[in-house]
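Each of the two complexes below includes chain A, the first together with chain B, the second together with chain C.
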Partner chain A sequence: MTPDDRERAQPHWRRDFPIDWPEAQWVARREFVKFLMPVSLAFAVGQVWLLWRGWRRASAPAPAPARIARVSDVPIGGAMLFEYPAGSPSRILVRVDESTFVAYEQQCTHLTCPVLPAVEREELICPCHHGVFELRTGRPIAGPPRRPLARVTLEVRDGWVQATGIEARTV
Partner chain B sequence: MPVPAHLEFFIDPSRCIGCQACVQACRECDSHKGQTMIQLDYVDRSLSTQTVPVVCMHCDVPTCAEVCPADAIKRTEDGIVQTARKPRCIACNNCVLACPFGVPKMQTSMNLMMKCDLCYDRTSVGLMPMCATVCPSQALHYGTREEIERLRPRSMPIDTFQFGSQVIHTRVRMMVPRNDPPAAIDVTGAFDLAPAPQDMAPDPLLANLYVEEPAG
Partner chain C sequence: MTPRSKFARSQKVTIATGILAIVALIVVLQLWLFTASMNAFLGGDTRVLAPAAAASVLCLGLNLGLLRYLYGLER
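Let's look at the complex of A and B:
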């Protein structure tokens, strides 16, 4: 109780913002539990949501094969962007040598910056944070990304490069 | 580490010689960032040489913290009212205007209210505050109650102040004569008196400031 009885005149929010440092730092068990319950509930719901999303992705029908470029249109060491299926985020097709084509999703697995091919070094480079991927496999070899790029499986038929499916990978 | 409770701060204005040593020493304290937190008040410069060093009284109910809209002024468990927390202080000057003792100072260069914190970096490790260390007449004294009673047999410490209807109890004590101690130091009492008697010498500073307008 204060000397001149002003405790009663204190506004009600003073209890939440006490002047004394130890009181202000005090976390009551009830307050802590009030924080802990919604947070752990949110984590639990998040796990279920992740499972559901993975299941939905796995059960989605594979996109139909599509022709994306003529073999003669892409020079050796050249690259081009395409969408597969139509309306998807852009993907990148690279001709490594005479008979080898590779195609990946163009988004870096770190923070989704577009990756750029450096064919003479056999690398895909993300300029944002200097992430580097192997050109032939799409696996990360340097920088912040830890997951490989999603690969588009290809088939060369009748002088056309044909996309046949998308291989999403986590490791 | 908290400041030990048995060590108290005593102000004895009757011993103050106005040398400004405390004002200068205050800058040296690490927690004051090179700014002095003490001001030396002249009681009535035209009539007397009496000076009073103004340090924070560390009130039981700190008015500065009560009026703070940003919850920036905090008191630690040892009863020391600290300088405003830098991330919270909004430099609104409420505390500067509200403190009855006139202690908080707005450092406009930092947008931060800074005030005497009893040299918390020193007193919390067992040292004396800078001002009490340097005061040549021991008008500012830091020690135990027994010590001050032995050193000043004719004075006694008082911790109650009256500002109009507001009564304040403080952690820092003011020394008053032992033979006729007041119940509280009535700080604003002088303002409530009847008009000054006519035979009182006019304040030479004020007398030159105001010139009466000619009649008609």
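Let's look at the complex of A and C:
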């Protein structure tokens, strides 16, 4: 007997291998919907985890201002690495001209390779995937990065370059 | 006497296909939400995280509801 009770109209192979197609398709679709549930759960959990990390970040105190270099220690066109706050990933300070200093997180926003300054071209370059950032703004201008580098806000006072805060940006 | 489903078997397959398509779309929406939220988080913008998390949890609830409805069709 075939699943749909149409024995007479069925070929021999159908009687030997009585596959119930509607049932098979039903089970396949139901199981696939079931399989998608953990995927959906994982995305929801990830989203809540991001929210929790965001809350933690927002409630953390802002780092206190800190001296990072003497003005005379950084020649025009020169750069130096520093940590701000202490223990954080390294950041890069660049002296663009006589009175202009810029500082950014040194990790490329694509895959966190360290960026290197090319002051003569006014660029910061990520050698891993040829990402290029504008030196004065930290915005991506070429290659795979889409987000600007996190900027360290600076103040020059009493012959010292002082970091006063960190500014992460999406555009 | 066991109660019969109000749908024929071929109709149930069609319903399951429709539900599968909706669930797949919702999961893709969650993926998009997650990538957009991650980008915002890494860029220091935390304002979007709470609405995005609420939307994602709502999507999960919708998916679970559809799965429950699908299992309900078997009875």
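Details
Everything that follows uses one rule, which is that the second predicted complex is superposed on the first by the 144 of 171 C-alpha atoms of A that agree within 3 Å, B and C clash if a C-alpha of one lies under 4 Å from a C-alpha of the other, contacts with A are read in each partner's own complex, and residues count from 1 in each chain.
Just so it is clear, a residue touches a chain if its C-beta (ideal position, glycine included) is under 8 Å from a C-beta of that chain, and two chains touch if they have at least 3 such contacts.
For clarity, every value in this text was computed on a predicted model and none was experimentally measured.
Contacts of A:Thr170 after superposition: chain C is touched, whereas chain B is not reached.
Ranking chain B and chain C by residues of chain A touched puts C first. By the touch criterion stated above, A:Phe17 is placed in contact with chain B alone, chain C being left untouched.
Counting contacts by the rule stated earlier, residues 22 of chain A appear in both its interface with chain B and its interface with chain C.
Residues of chain A that touch chain B in their complex: 2-4, 6, 17, 19-22, 24. Residues 60-62, 65-66, 71, 73-77, 82, 160, 166-169 of chain B are the ones that touch chain A when the two sit in their complex. Chain A makes touch with chain C in their complex at residues 22-23, 25-26, 29-30, 32-34, 36-37, 39-41, 43-44, 46-48, 50-51, 53-55, 57-58, 109, 146-148, 150, 167-171. By the touch rule above, chain C contacts chain A in their complex via residues 9-10, 12-13, 16-17, 19-20, 23-24, 26-27, 30-31, 33-34, 37-46, 49-50, 52-53, 56-57, 59-60, 63-64, 66-67, 70-71.
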